[in-house]
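Each chain carries a letter (A, B and C) given by its place in the written order, and its residues are counted from 1.
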Amino acid sequence: MKRKSLAVVLALGVGLLIAGSGFAADKPVKIGFVYIMSGPFATYGQFAKQGAELAIDEINKAGGINGRKVEAIFEDDTGKPDVGIRVIRKLVYENEVDIVMGIDSSGVASAVAPVMKELKTPLIITHAAVPDVTGTNCNRYTFRVSLNINQNISMASSIAAEMKAKTWTTAGPDYSFGHQSWEYFQKYLSKKKPDTVFLPRADVAFPPSATTDFSAYVTKIMNSKADGVLISLWGGNLIDFVRQAGDMGFFDGKREILMTLGAATEVLYALKEKMPEGIWVGTRYWFQANNTPINKAFVDAYLKRFNVYPSYNAHGAYGAVKTYAAAAGKAKSVEKEKIVDALEGLSIELPVGTIFIRPEDHQAVTDGVWGKTAADPQMPIRILKPIRAFAGKDITPTVDETGCKIK
Amino acid sequence: MNSLLRGHVLPASLILLALMAAPLFLSMYGVIVLTEILTMSLFALSFNLLFGYTGLLSFGQAGFFGAGSYFAVLTLIHGPDSLWAAMAAAFIGSAVLAVVIGWFCVRLDEIYFAILTLGFGMMLFTIAHNWRSVTGGSDGLGNFTLPELNLFGWGVNLFNPINFYFLVLLITALGALLLFRVVNSPFGLLLRGTRENSLRVSFVGANVRAVRLFAFILAGALAGLAGALFAFFNRIASPEMLHWSFSGKAVLMTILGGSGVYLGPAVGAAIFFVLEHVITAYTTNWMIFLGGILVVLVLAFPKGVLGSLLGLLTRRWKGPKP
Amino acid sequence: MEGFLANLLNGLSWGMLLFLISIGLTTIFGVMGVLNFAHGSLFMLGAYLCMQFVRWVGSFWIGLLLGPPIVAVLSILLERFLLRPLYSRDVSFQLLLTFGVMLFLDDGVRLIWGAAYHVVNPPQILAGVIQLFSQSYPVYRLFLVILGPLVGIALWAFFSFTRWGKILRAAAMDRQMAEIVGVRVPMMYTAVFGFGAWLAALGGALAAPHQSVGPAMGERIIIESFIVVVIGGMGSFPGAFAGALILGMLNSFGTTFLPDVQMALPYILLAVILLTRPRGLFGGEA
């Protein structure tokens, strides 16, 4: 009796599987992308969209994911957490996407990550750098293929430790990313150079993201005692800041400057020659940082199609799609639970280099790049010269240090 | 009192029944949209107690809505891990806030009232935005887990959107009922009296400021309750919810539906989200439509969609007034 | 010392932009009794049109000259066809109508120019920097600081010495009396609204090289200019000037010395003034 019912269940299951797969072959694989498409950071969403489209077209031309065409749906989270949750719910429940990718803002990432657990849908973060989503706030469904604050700031502190500056201040956006960048910078740099002084909270600058007139903040920093400035502003904020600060003589060589996200091509195209030379800038990916065939192919294809050099955000979206395709190939399915299992411990070569997704915290161990801005008559934008590459394993904290407990 | 309510029992039960049956006919996403509509209905109804019934245009109602969401989430994080406690904290906390702010605001009229409420609302916004250690700053307070709802000892899992929908339906219906009782009581008459002619109300011996203050407190408390639901729904309390442009949403919904009919704001909320859904399927620029619609409504249909419809119906049934 | 001077100039340049938009707002309120929510959007429209002219002909000055009148014409149509039917109704409806217009315009520019921020460079002659002690300061900002008072004086002269100006002031004081002595009030309303819009758009055009041009710039400045108008006294010119200066200084010095509460200061000031002197610092007696 018992055996019989088991057989029935099995038969039913197999039948369903066959029916299911037969049906699935016609249905496209749907990827939902969530980026900022409006306001001061809108160009980041634009570049990411281009990167995603490039990857999807390449995959579709080569036969799709497991034989199925890939379809993209883009949503604008406007950089606000509640909007982010809203659009992700829409993607999952209404558009029935198989996976969600993107997220620019750390605030959105922190709010969205726990919701993925309820939605039982994988999320690959491609930009937001807040440590907790692959740390204390990690979960089974949340992954990140881009560098996080830990990694980026650990590089920044290595460079800062070699500089002359003794007293540091910061100009960062007034949300978790800006505040945490400053906290981690203090933590790492005081370990590498214990006699460093950091200005107290009341003397540093955290302009709200909506700021367009930065003159008061520039004045504040220039009149402080600091001789080193960590700038974690990004996007439109960084563009406005550099333009206005430049006019006020901020880049007169009297202070050491680190811009943690200064090597974003979105920013470099907007600023062109207004971006001062000789400033140390960080990034998640730099198109000239390596000469692998896969990177050359990516940069050429991107440049040919969109007429600009790819930014790290474009690379993030491109890389996430490629990573997902690899995971689907490994799992031989796009079923959400199987994709999660396949992403854990996945290793794949992307234009940035080979990344490895740690199964314990879902953070990608990926190489990082910092460089000094330089002019090049051959190039429409400032380039990095020299470039300093950091190996992923040297800048990524251990799993124990992240505080992540998925299992 | 009972005679006042009698004529409403049947339509109210029908509406409630339809809402209870709605998840049977809607997709999962439809249920989620309806949940949002109900939450915002409660918010808009609370606003209309001030605007439609008392004649006070508040541009700071989001301050109480958002404060309620923070009170609720803070209770979940630091206090008892109970949704009932969180909702009570939102209701009471916002009411207390409304006592303090209302005490100042009810002294002013018309545009001055609108600006002062806007100012106080934005003060609350800046507190939420800048007090990082408590409110999480501009990132808001997210990253909390929604506990199970304790229903007479039986735990309901609210991760299921349908369960959550019924919670919101229950609270919104209770809030709406409370408001309805108030506006149809002798006190409600007094409220309308202060709108029409505050001088005359003061002549018959009522304290206009006290009447207004009570309306302000009730509106604030219910807005706070709606805010708590919204925070549970979004899994976050964020400063945006206190911003004056969020107050503008309540204003919009009320005008859309009609400020002169009790359920006008709720109908307005429904129109708002359905329109948003329909229009954003074609274009992201849906505010341009909304702005246009608002202009047309203000000019041609100041009674709103529901108000104008009801007006049309009663005219047909009863014939033109002499 | 340099810090103080730079803060002063930062506050002045922002304050002067606020002043330009606020005089329009306060005049419209003083004369017509309308609180115009869409005023910030007209400011924004001025900035966008200026940017568009810079793109077409490459000259900031052409944009400054031609952009604001276009906004003024648009506003005249708005007043004539949308606002005028509402004068007999409750003031709340006027506020709501202009709120609708604001939503329409804010999303309209998004539709035409996209959601991203745009950059306008200052004209060549004002593009440089000058040296203030050990720090440099952009010439364009100094230009704004000087321009503000000049516009203020020109307007003051207009209101004090010209026939039109006197009529306007009379109408603002007592509408009925003005009508009795033969002022055509409806036409004057239209003119005032157009004039206020022109000033707002002028402020927007001047703001374009000063900050990024984006769809949210109107929404942000409208609340600040409400505060300016309330602090100074609705309808008061010197009040708008003083209010704009106060807000500009709160912005620059507040950022330096009170970073945590700076954002709340304007609202606290607003509430205090409304509750203690509802007519504002420079408003007449009730």
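The rule is short, and it goes like this: a residue touches a chain if its C-beta (ideal position, glycine included) is under 8 Å from a C-beta of that chain, and two chains touch if they have at least 3 such contacts.
From a predicted model like this one, the values you see are computed outputs, not experimental measurements.
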Between B-C and A-B, the pair with more C-beta contacts: B-C
Far-end chain from subunit B, centres as C-alpha averages: A
For subunit A paired with subunit C, centre-to-centre distance based on mean C-alpha positions, whole Å: 40
Centre distance in Å when subunit A and subunit B are each reduced to the mean of their C-alpha atoms: 38
CA centroid of subunit B to CA centroid of subunit C, Å: 33
Multi-partner residues of subunit A (at least 2 other chains): 76, 208
Residues within subunit C bordering two or more other chains: 110, 260, 263
Junction residues of subunit B - those touching two or more other chains: 129
Residues of subunit A touching subunit B in the complex: 76, 80-82, 85-86, 89-90, 93-94, 106-107, 110-111, 113-115, 118, 132, 137, 174-176, 179, 208-209
Interface residues, subunit C side, partner subunit A - complex: 2-3, 6-7, 10-11, 13-14, 110, 114-117, 119, 129, 135-138, 141, 210-212, 214-217, 220, 251-252, 255-256, 259-260, 263
Residue numbers on subunit B that touch subunit A, as the complex places them: 27-29, 32, 129, 132, 137-140, 142-143, 145, 159, 161, 234-236, 238, 240-241, 284
In the complex, subunit C residues that touch subunit B: 35, 82, 85-86, 89, 91-93, 95-97, 99-108, 110-111, 219, 223, 226-227, 230, 260-261, 263-264, 267-268, 270-271, 274-275, 278
Of all residues in subunit A, those that touch subunit C in their complex: 37-40, 42-43, 46, 76, 201-202, 205-206, 208, 210, 212-213, 215-217, 219-220, 222-223, 236, 239-240, 243-244, 247-249, 252, 270
